[in-house]
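Below, chain A partners chain B and then partners chain C, in two separate complexes.
For the complex of A and B:
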């Protein structure tokens, strides 16, 4: 394996990992702060991908589709939290699993009614549809670099919001001691609604960004959900830092698994998870 | 101590059992097959109830052991000949048990949400393995052309090809599973796992190695899921990777919720309700064009069930018959 090929694989792994981070960070925050397991999180990745498909057809440009899609995702997340998730805070995990599982059934079937069961492609915006030549035969698509860049900007913005703002302080406090936050007079209901909608929105953005790279097909959200679970387990529940490290690890493991062990590529990430569990049952950055 | 159902509950259970036993005499093969599905899925849900309702382990990957044993039957069936039940059934259940032991050794180290996610992740790993490996027949599934038979030496005593005989065989398996699980739960081992559900730290302080008890419970549950998977494969003579998929695991949890967690026999009612609802939602005469998209109806039904139905059919039955099982009582007190 020569160095340029290796370099391309590393870039692919990081790009996939950064995209995973957008999904897993919302999932881990909802677990960590609200104590809710949301199986339908991956469905919003799927909704994002299909929104990219339809809104790009409608507006003719992916950035415009993104701008339109973000408020839609926020409204969907806010509505789901206010109407359904709100009933789950005092319920056990069993009820949370089932209610959000019901959402998966509804959203999957709705997708099949609206868009059908075929796979679709979303065109890369023409001004990003370029390749950087690396050698005579190998080149790297600019769109993938742009996706990595957007994900990195979002990750840094998330870090700044959580570490440097009052809102972020509430999020961190909610993660470490829910009761204390309530006692201090912070409106925990609003905080929950914010965290949940932001998480849903990030998952949808990931779906929209990924649409031109992957084709858009039914069940796209479920695979992503399971991999995000693996990321959260590796990183530790509630830990954004853990989600970041876990996403990059899984991204690289997935890509190198496909190159080095093509027959077992599906199993590599799970083997990694098993190894982490043996070493640290609460994840790399999780608390016991 | 798990209390035995009181006389009225037992009377209702016997009545349901008698109703199930009379299904073959209706002479309708459609309903016979539907009832077979109900019974097999009830065994599956009951095995999961040992984990969820009595050990406090919410597994979301239980379909893996169900599906693996189904594939066990497929792999052990010669292409143009019948497999011997005496070999294929124990071997398929052993396969489920062995994988449950390997996965359990890892997952039982985790708790709460971690446990849910890790069981799901390992089940999906097995799902992809079965779907992508050429050995298992690929994503389209595989057929079992000849149903297994019970053979001693050269004499065939009984064939699962006989619909009515197969049905009663499944019914016997259900009763056997129920009785064995009750015996297990009433044994000292059962006391310990129920203690773990209540308060694991206290059981540790009492000197129990809770890891081993949880692992044993996980393996027992996986083995009985294997029994259900084996029988399920024999219903249609067809297996597909979806049998290991997470929708199958979700369905088992749904049956437990519908039936009411905290009673083993609730799983039977849950399976009846689940198969019944599925059949009704697919009925074009009632739902018209929506019947083609019955998953939406199922989703709405699931959400409504979670929000409105707190103690399931069994909880309602136990209340009606006048005595509460301790775990149900507790759920109300909380």
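For the complex of A and C:
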């Protein structure tokens, strides 16, 4: 392979990985800290994408849609936690799977009723609708690079919040020992509600940012759900750092699987997951 | 079912009232079973997706088929029609159960469906065994009218092979000899790619690169980079629905649209040009239909469909409409008598009519022999440029019938 194309493929892998990170980080937060398996995580990615569609039509710009969409997503997450998820903390994972699977069906049907079953395109903001020429024939859309930039900024922000702030300290403490945190006088209920809505919000933001790249169509949420779980498992459940490394690994594996092993490209990421789990059964950064 | 119940009930009353001997005589004077069956409704079982990604296709097929039969006074062969609709959910694991329900419990006379090729495979196997007259209004799996073909199984749509085959010659005529293929690496994508290869390579074309993207993956950057590296004269692709929207937009965003022309099977630009926007302009595809086809049947059909359902008809609606025509031809030939199954099947087999898509008849394997049109997206509409192939039949590899 030409070194220029090798470089472009690495860029493709990293760029895809960063987007995956944004989706998977919310899942790993909720899964790792609250112990809740949220199968409906992908549905909130879908809701984000459809919000980008409607709010962009309404306001005429994607940044405005983002500003409007984030509070909506937070409210949705807060409401879902307070009304439904709260009943599941003391139950086993099967009950959580059943409820959140039910949410997938309900949200998909709601999407079909509100937006119909057509595929839609969301326009790239005009000031980002450029391409950088890389070779004679190939250029790189600036919007994709901008999304990568946003994902990187969010990753750093998340790291700082969790490692350096009082809130982050509470979240980490809640992850290791719920009872002790409660005894120390911290309102764990509120903390969980916050973490859950933040997780939902991350999924929705990923959906909104991805909408101009991915287009918006029914079933878009299920596509990302499985690969997000793979990322979470590879990185180690609950570890943001793990989700970051896992996402980039998956992004690169996907791209180079397709280039080097085209016949097995569908299986490469799962082979990678199996290999990581054999080596480290709790994932790269997971704690036993 | 209903007919049997009525008959035994009336026989019981008669026996009670008049005694055994008279009862027999009365039963004999009852209308002959055939005449009674004629007034009983024809049961049309429909197994199509009404939820999920393919819901729109299921609705279009159902609407158009019912429109056709409504134009015939809601009758088939003089008998009223009863529809039994079942949501296939486009889920292959549920195909067997759903098909069995329609055939064994509902005892349908006709089975119409499905959209999804995976569902079709499960359905066709049962339909073959049970002998129920089955019409596939979309699913393109080559096998249905190939190794799995059967006298009672018909298709009004296409084989996956068909829409791609004519494009090989189109590209060679344009002097495009080195082509890269890119498709979703599953049944339909692979069969579509094979159709293109069959029409292209034997006539002197070279496939310089073949890229299979795992289905239903829509991350195409790696594939686009591979295409740019191979630098072919043209690219031929198979994608549909959301994947088609994304591929066409990504292709343009990567700057490839200006340097390497993009061609595809018609599904690349079918029903999605609005979402694709400017990225779709100028893309040429081949398909057995185009909204703008200029023939009286198409105009009448599109006007009637729009008036009744308030939406524009599409290729799926045409396939549903022709499913209705095919049933009408069969039932008219036998005057609505389902017992005369062989005659009914023979009449359907010989069907030859003017469809909104152009002339329609069936091959020995019961797949349409039809025109394929070269279309180009202009202002978001697939305009017909020419007939790329007239009366193309699928090779029906592996079909031992006829």
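Observations, loosely collected:
The definition used in the following text is that the second predicted complex is superposed on the first by the 287 of 288 C-alpha atoms of A that agree within 3 Å, B and C clash if a C-alpha of one lies under 4 Å from a C-alpha of the other, contacts with A are read in each partner's own complex, and residues count from 1 in each chain.
Going forward, contacts are C-beta pairs under 8 Å (C-beta built on N, C-alpha and C of every residue); 3 or more make two chains touch, one makes a residue touch a chain.
Being a predicted model, the structure only gives us computed values, none of them experimental.
Partners chain B and chain C clash in the overlay (superposition on chain A). In the superposition on chain A, contact of A:71 is made with neither chain B nor chain C.
Of the two partner chains, chain B is the only one touched by A:230; chain C is not. Of the two partner chains placed around the shared chain by superposition, chain B is the only one that A:274 touches, whereas chain C remains out of contact. By the document's definition of touching, of the two partners only chain B reaches A:31; chain C does not. Contacts of A:266 after superposition on the shared chain: both chain B and chain C are touched. Using the contact criterion defined above for the overlaid structures, shared-chain residue A:149 touches neither chain B nor chain C, since it reaches no partner. Looking at the shared chain after the overlay, A:112 reaches both chain B and chain C. Look at A:60: by the touch rule set out above, it reaches neither chain B nor chain C.
Among 237-245, 255-263 or 273-281, the region of chain B with C-alpha atoms clashing against chain C is 237-245.
Residues 108-109, 112, 266 of chain A lie in contact with chain B in one complex and with chain C in the other.
Within the complex formed with chain A, the residues of chain C that make contact are 51-53, 55-56, 185, 210-219, 221-226, 228-229, 231, 241-242, 244-246, 249-250, 253-256, 259-260, 271-272, 274-277. Put simply, chain A touches chain B in their complex at residues 31, 37, 84, 87, 91, 93-95, 97-99, 101-110, 112-113, 222, 226, 229-230, 232-233, 237, 266-267, 270, 273-274, 277-278, 281-283. Chain contact summary for the complex, chain A toward chain C: residues 1-2, 5, 8-9, 12-13, 15-16, 108-109, 112, 116-121, 123, 131, 133, 135-141, 143-144, 213-220, 223, 254-256, 258-259, 262-263, 265-266.
Chain B contributes residues 52, 58, 60, 106-107, 109-110, 112-114, 116-118, 120-122, 124-125, 128-129, 132, 246, 250, 253-254, 256-257, 261, 293, 295-296, 298-303, 305-307 to its touches with chain A in the complex.
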